[in-house]
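Each chain gets a letter, A, B, C and D, in the order it is written, and its residues are counted from 1.
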């Protein structure tokens, strides 16, 4: 995950949010789960400082979008308690998505946080990934 | 959030608690989530040392009263696991409320903790905000 | 340590700081090291949010003013590394002082933080203790 | 501290590093110590993920450049042990600098990390502040 790609993804996520009148933070991590770029919109809540990077990290760490983890992490689920693991760094609600290259290899993750409904965080992240889809073919660690 | 305002809010919350025979702690943070004032009533449990500031921080960080977060943070809710995020600093039961200025901008947060029923913490926080409502118009970071 | 006493001590520390043109935070903990009252002056740095309570806690926890701990905590000292213990909660520079009752029993601690020179934090804490000396005779947990 | 300003500062710090053949991360926090923007150059070490934001936070929290804290935090210094306080979030080597508006009020902080010699981190941060000096007059929380 190159910085320019990470910044394009953050910018695209923030643009998507702005179009919908949302205030969010966006973070992109590399395949190691380490932050590459972060941006918090003016007025976006400070929870995003923690949640956006942690969503991106969680998506990479578990090879899954964070909104797919909730059911597994709930009581009775196969990963019950996942949200409390990793010293509280795993987030199991929507907004974190793994980023894959053309071969399907995970090369990083994006995390968006700040919308009142996390489904909107997810949509911003997905739209960012679509907008910069071209960059993903060339994405490499 | 000025110190005098924060102290008035703490005092009002403690007065409300005393009227109802409750022993609580009250904390007020600024818009950055950083503590401005804290007071623990004689005999109030020491959980309030952690919970009152963290409730206030949570309310600011998530732009919502903490009692509105419990349902969302529970299994099946849109924010399941929120209580375990942020390294355990988010509290999703009642007692934390964002403080807004006349324009609706969040200028800080109040957190009350110690009542056996968190609903009573909420009421103390709300009554504090009502009592010192006049100060909120002038509240600024 | 009663709340009224703790608040008087905080107020006295802040008054002492204001007289000297300093911006500080003040915290008072009880004999259990648990926060009773905290106040941060308008414009005082946010380090005080952490350091003032931790100085007060350190003073109680180690039965000594924090400015007396630096030498012992330094390389070659009998408590080398103390400042890194307690998950980073021990502070070994000036500003934390145990509060004793008439019999010499430690009933709490005061912590002041924010002055460019910690010696000024110490002086504010000491002046606060002198000003409210009368209350200490009656101080009880 | 607006996002556009924070991003300009990060970009300027990275440009300064690139000119000198250095690989760094840059972070900008607001007056509350909360992250606004972050960027890590391709190939820059992952320590910067933690150190750049924490340097920026430390500079704001203590109202001082982090390179001025090392001597004070060393054994025998007035702030010995500062680096171990705040649960390890204070960094006392160079690379963090408070950002002030025209009136001298601290409106945020910049942190740069990654150069083999922290003196180079400092220079990158300083050059970033110089390059975008014009934006500081208008900087507001």
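Assume a contact is a pair of C-beta atoms (placed from the backbone, for glycine too) under 8 Å apart; a residue touches a chain by one contact, two chains touch by 3 or more.
Small disclaimer: the values here were computed from a predicted structure and weren't measured.
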{"item": "Whole-Å gap separating chain B and chain C, where each centre is the average of the chain's CA atoms", "value": "25"}
{"item": "Interchain centroid distance [CA atoms averaged], chain C/chain D, Å", "value": "29"}
{"item": "Whole-Å gap separating chain A and chain C, where each centre is the average of the chain's CA atoms", "value": "42"}
{"item": "Where chain B touches two or more other chains, by residue", "value": "32-34"}
{"item": "Touch-based graph of the chains, sorted into line, ring, star, complete or other", "value": "other"}
{"item": "Pairs of chains in contact (touch as defined earlier), listed by label", "value": "A-B, A-D, B-C, B-D, C-D"}
{"item": "Interfacial residue positions of chain C with respect to chain D in the complex", "value": "45-47, 50-51, 54, 70, 73-75, 82-84, 87-94, 116-119"}
{"item": "Residues of chain D that touch chain C when the two form their complex", "value": "32-33, 60-63, 75-76, 78-82, 84-88, 90, 106"}
{"item": "Touching residues (chain side chain D, partner chain B) in the complex", "value": "30-34, 141"}
{"item": "Residue ranges of chain A touching chain D (in the complex, touch as defined)", "value": "2-3, 6-7, 27, 32, 34-42, 46, 49"}
